[in-house]
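For reference, chains read A, B and C in written order, and residue numbers begin at 1 within each chain.
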Amino acid sequence: MTRSERTSYSLREIVERFGGEIAGDPDIRVRQVATLENANSDAIAFLANDRYLARLDTTRAGAVIVGKSARAATRLPRILCANPYAYFARVSALFNPEREPRPGVHAAAVVDASAAIAGDAEIGPFAVIGRNVRIGAGSVIGAGCRVGDDARVGSGARLLPNVTVYHDCVIGDRVILHSGVVIGADGFGIAMDEGRWLKVPQIGRVVIGDDVEIGANTTVDRGALDDTVIEEGVKLDNQIQVAHNVRIGAHTAIAAFVGIAGSAKIGRGCRIGGASRIAGHLTIADHVEISTCTLITKSIAQPGTYTGAYPFEPNSEWRKNAAQLRHLHELVERVRALEKKPAQPKRRKS
Amino acid sequence: MTRSERTSYSLREIVERFGGEIAGDPDIRVRQVATLENANSDAIAFLANDRYLARLDTTRAGAVIVGKSARAATRLPRILCANPYAYFARVSALFNPEREPRPGVHAAAVVDASAAIAGDAEIGPFAVIGRNVRIGAGSVIGAGCRVGDDARVGSGARLLPNVTVYHDCVIGDRVILHSGVVIGADGFGIAMDEGRWLKVPQIGRVVIGDDVEIGANTTVDRGALDDTVIEEGVKLDNQIQVAHNVRIGAHTAIAAFVGIAGSAKIGRGCRIGGASRIAGHLTIADHVEISTCTLITKSIAQPGTYTGAYPFEPNSEWRKNAAQLRHLHELVERVRALEKKPAQPKRRKS
Amino acid sequence: MTRSERTSYSLREIVERFGGEIAGDPDIRVRQVATLENANSDAIAFLANDRYLARLDTTRAGAVIVGKSARAATRLPRILCANPYAYFARVSALFNPEREPRPGVHAAAVVDASAAIAGDAEIGPFAVIGRNVRIGAGSVIGAGCRVGDDARVGSGARLLPNVTVYHDCVIGDRVILHSGVVIGADGFGIAMDEGRWLKVPQIGRVVIGDDVEIGANTTVDRGALDDTVIEEGVKLDNQIQVAHNVRIGAHTAIAAFVGIAGSAKIGRGCRIGGASRIAGHLTIADHVEISTCTLITKSIAQPGTYTGAYPFEPNSEWRKNAAQLRHLHELVERVRALEKKPAQPKRRKS
C-alpha cells in the first residue's frame, strides 16, 4: 500500500512533536500506523475504546497509543495521552502526508485568460477554469474539474478529479472536495402556475468556509436569492444533499445521505447520523445530535440526542406490529373506554 | 453577485409584460430581485405567504410583489397579482436571463463526424459526442459532458458540466440537466442462476419530455426492454434515483433523494417529498402528494396526501416507545383480553 | 432501438446453445427479446411469473420462454426451461452483445508513461491514467475516467464515462462501473480534538472482486487502515454508499440508496432492499434478506427476512396514529394498570 520508502520515527521523536508520555522503550522505531489486528512490528496501533482491550494481548504492533487509564493494560512500548484517536490522527498524518502539489497548469487544461491562478497551484488535465476565477496558493484542481466563472478557491484546497463548482461560488482555504461533488447547482426553486412549473432563477451563491471537507458525490445547491453557507470546519460525508439557503454551523459533522431541505439552519458542533432528513425552514440549536434515519420536522432549541427510526424485526413480527400501528389511535380509544368502565366493587369499597 | 451591469425596469414596464396591478408609484425602477430581509432600494421583493407579513414593515426593498389581499399591508410601491411567487419567478427571469450559448464546438471537444450539431449550439471543452447524435438549436452541452451514440438532445437544452447521457437516449427541448446527472445507465436487471447473478441486458432507452429539469447527481436508468419515460414539465431535484421502466407523469415535482423502483408509474401533477420511496410495479394516480420519508408499498388510486414517517423524539423517549412498538401486536391482544372480561355489575344492571 | 442489423436465431439454435425443450415449431426465427406486451413477431418474450399468464393470450411475440409448468398455457412456439428469467438473460445477451472494445489509447487521453495498458484495451478520450496503473486485456476505460496512481483494473472490465478510481484501488476482471461511480474516496474518518475535527488519513484501499457491477453514482470509500472489500459477483445498484472497511460477501445484491456504515460485514448471497441502512461494525450472516427502508442496528446471525419500515397511510390517519406513537410507552402502562385491577366478581366466583 505504500508508494515510497517511509521515514521511521522513534516514540521519543513522536512525543517531542505531539506531546504525551512514553511507557516502555522510547527508542522503538515505527514507520506506519495500523490496526491492532493487522499491525506488524514496524507499525504503531491505537486503542481508543476499552471494548477492544483484549486485542492488546494479541497484537503484533511495535507500539501502541493508549489512554492514560490503559497504562498497565499492556507491556508494549506505548504512548499515553488524553485522546488516543486524535493523537493517532496526528501520527498518521505524519506518516502519510498529502501528496505535494505539482505546480503549474497542465497542457490539457482550459483556463480562461482572466483567471488568476497562484503560481504554486496545480491545475490537472482536462480541468476547465472560467472567467475571473481565482485559485489560491498551493491548491490542487484535479483532472476534469470545472470551476465556473467568477468562482473563488482559497489556498491549500484540494479538488479531487471530476468536481464541479458552478459560477460565483466561494471555496475556503484547505477545503477538500471529493470526486463527484457538485457545488452551486440550482436549488429546487419552482413556482406552480396554472398547472405548469415555472423555474425560479437561483441567483445566490454557495459559500464554503475554511477547513471544510465534503465527501464524494455530495451536492450543495446555490441559494435562491441569498447564499447557501457552510461554515468553517464542517465535515460532510458522501452523497449528502444540502438544499438552497441552508446554513450549516461551524464544526458540525454530517454522515452520508443526510438531506437538508431549503433554508434550514443547523447549529455549530452538531452531529447528524446517516440518512437523516432536516425539513425546510427549521432551526437546529448548537450541539444537537440526530440519530441515523431520523426525520426532523420541527425546530430543535435544546442540545441533546433526537431519534426517530423504526426498529427492525424479523419480517413476520414486523408484519403483525406494523399492521397494528395503523390502528394505534383506535387502540388508544379502546383503552380509554376500558379506563372509563365503572370502578371495581372492591375498589369502591376501599 | 452580478456579473454585468443590469438593466432596470419600472413597475409600469413590468406590469406591461406580466400583467398585475400597480399600487403606489409606477415609475419606481428596480434592477434585481431579493428577499424582503436583504433587499436594497433598487430591488423588488415578494410576499407569497402571509406568515411573513411583518417583514413588509422592515424591508428596505424599493418595491414588492404581493397578493391582492395584501393591498393595504404596505405603503411600498407594489404589484398586486393573483400568484405572487409565480409572478416573482417571471420578474427574476427578466432580471437574470440565462447566459446565451456561445455557438460552436470547442476545439477540445471530441465530436463524431456523423453527429448533427445545430449551428448555434454550444459544445464545451472536453465534451464527447458520439455517432449519429443530434443536438438541437441553441442547446448548450457543458464541459466534460458525454452524449452516447445515437442519442438525441432537443433544442434550447442545457447540459451543465459533467453530465452523462448513454447511447440511444432522447432528451427533449429546453431540458436542463445539472452536473453529475446520469441518464440511461443500465437498470438493475439481474437473474439468479445457481448462486450467481446473470446480467440482463438493458436495451430500452430513457425518453425525457420537453421542459424537464433534473438536479445534480440524479440518475435515470434505461429501460430493460421498453423505455423509461419522464413526461414533459417534470421537475426532479438532486440525487433522485429513477429505476428502469418507470414512467413519471407530466408536471410532477419530486424532491431530493426520492427513489422510484422499477416499472412504477407515477401520475401527472404529483408532488413527492424528499427521501420517499415508491416500490416497483405500482401505479400512483394523478395529483397525489407523498410526504417526506414515506415508503409507498401499494398502488394509490385516489388523489390526496399520503404519509408514513416515524415521528422523532428525544432519544430517551424514543427508546421507550420504539421498544414497545416491537410488542404492539401483543398489546392489542392484551386489550382484547381486557375487553372480553365480563361486564361490570353496574353495567349489567343498567 | 437497434444500432445494426441483428442476426436471427431459430428456437432450435437457441436450445442447442442454452438447453431447454422446444414445444411448437423449432424453426421459428427470432432476432430480439421483448416484453409480452410489446413484442413483435420476430421477438421472443418470456414469462417468469404466473401472475402474468393471461398476457400469453394477447402477445404478438413469435415465441416465448416459459417454465415447464406453463407447457400447455399457450400454443405459441416456446422454450420450456427450469428458470425462464435466467434463460431469457442468456438469450438477450446473445441478441445484444456488448459493444466490442476499440483497442488503443485515444489521442486525447493522458496516460502516464509508467502505466501498463493491455494492447487490446480501449482508453477513451479525456481519460487520465496515473503512474504504474495496470489495465488488463480487453478492458474499456470510458471518456473522462480517472484511474489514480498504482491502481489496477483487471481484464474485460468496463468503466463507463466519468468514473473515478482513486490511487491504489484494485478492480477485478469483468467488473462494470457505471458513470459517476467513485471508488476509493477517503472514508469519513475524523477525530474530535478540542472542538475541531482532525482528518484521519485514509490509507487502506478498495478491492473489488471479479464480476462485480456497480451502478451509477455509487460511492465506495477506501479503508481507513485496512481495505474495503467487495467480493466477487456482488451487484450494486445506483447511488449506494459503502463506507470505509466494509466487506460485502460474494454474490450479494444491493438495491439503490443503501448505505452501509463503516466496518460492517455483509454476508454472501444477501439481498438488501433499496434505501436500507446497515449501521457500523455489524455482521450480517449469509443469505439474509433486508427489506426496503429498513435500518439494521444490530448484527444478524440467522438467515431470514428482516424489516423495519413505517407503513404509509392517508395523512389524516397517519397524523392520528403517529401522535399516539409518541405515547406508546404510556399506553402500555395504562394497559398494565387495567390488568392489575381486581378480577371481576364473576371470575372470582368461577
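By definition in this document, contacts are C-beta pairs under 8 Å (C-beta built on N, C-alpha and C of every residue); 3 or more make two chains touch, one makes a residue touch a chain.
All values derive from a computational prediction rather than experimental measurement.
A rotation of 120 degrees, rounded to a multiple of 5, brings the CA atoms of subunit A into register with those of subunit B.
Under half of the residue numbers found at the subunit A and subunit C interface occur in both copies, marking it as a different-residue contact. Inter-chain spacing, taken between the CA centroids of subunit A and subunit C, is 26 Å. For subunit A, residues touching at least two other chains, in rising order: 108, 126, 144, 162, 180, 217, 239, 257, 275, 309-311, 313, 323, 325, 327-328, 331, 335, 338, 344-345.
Remark: subunit A residues 108, 110, 126, 128, 144, 146, 149-150, 162, 164, 166-168, 180, 182, 185-186, 188-193, 195-201, 203-205, 217, 219, 221, 225-226, 239, 241, 243, 257, 259, 261, 275, 277, 279, 290-291, 294-297, 304-311, 313, 317, 320-321, 323-325, 327-328, 331, 334-335, 338, 341-342, 344-345 touch subunit B in the complex. Listed in rising order, the residues of subunit B touching subunit A in the complex are 1, 3, 33-35, 37-38, 83, 85-86, 88-90, 92-93, 95-96, 106, 108, 124-126, 142-144, 160-162, 176, 178-180, 211, 213, 215-217, 233, 235, 237-239, 251, 253, 255-257, 269, 274-275, 292-293, 309-315, 318-319, 322-323, 325-329, 331-332, 335, 338-339, 344-347.
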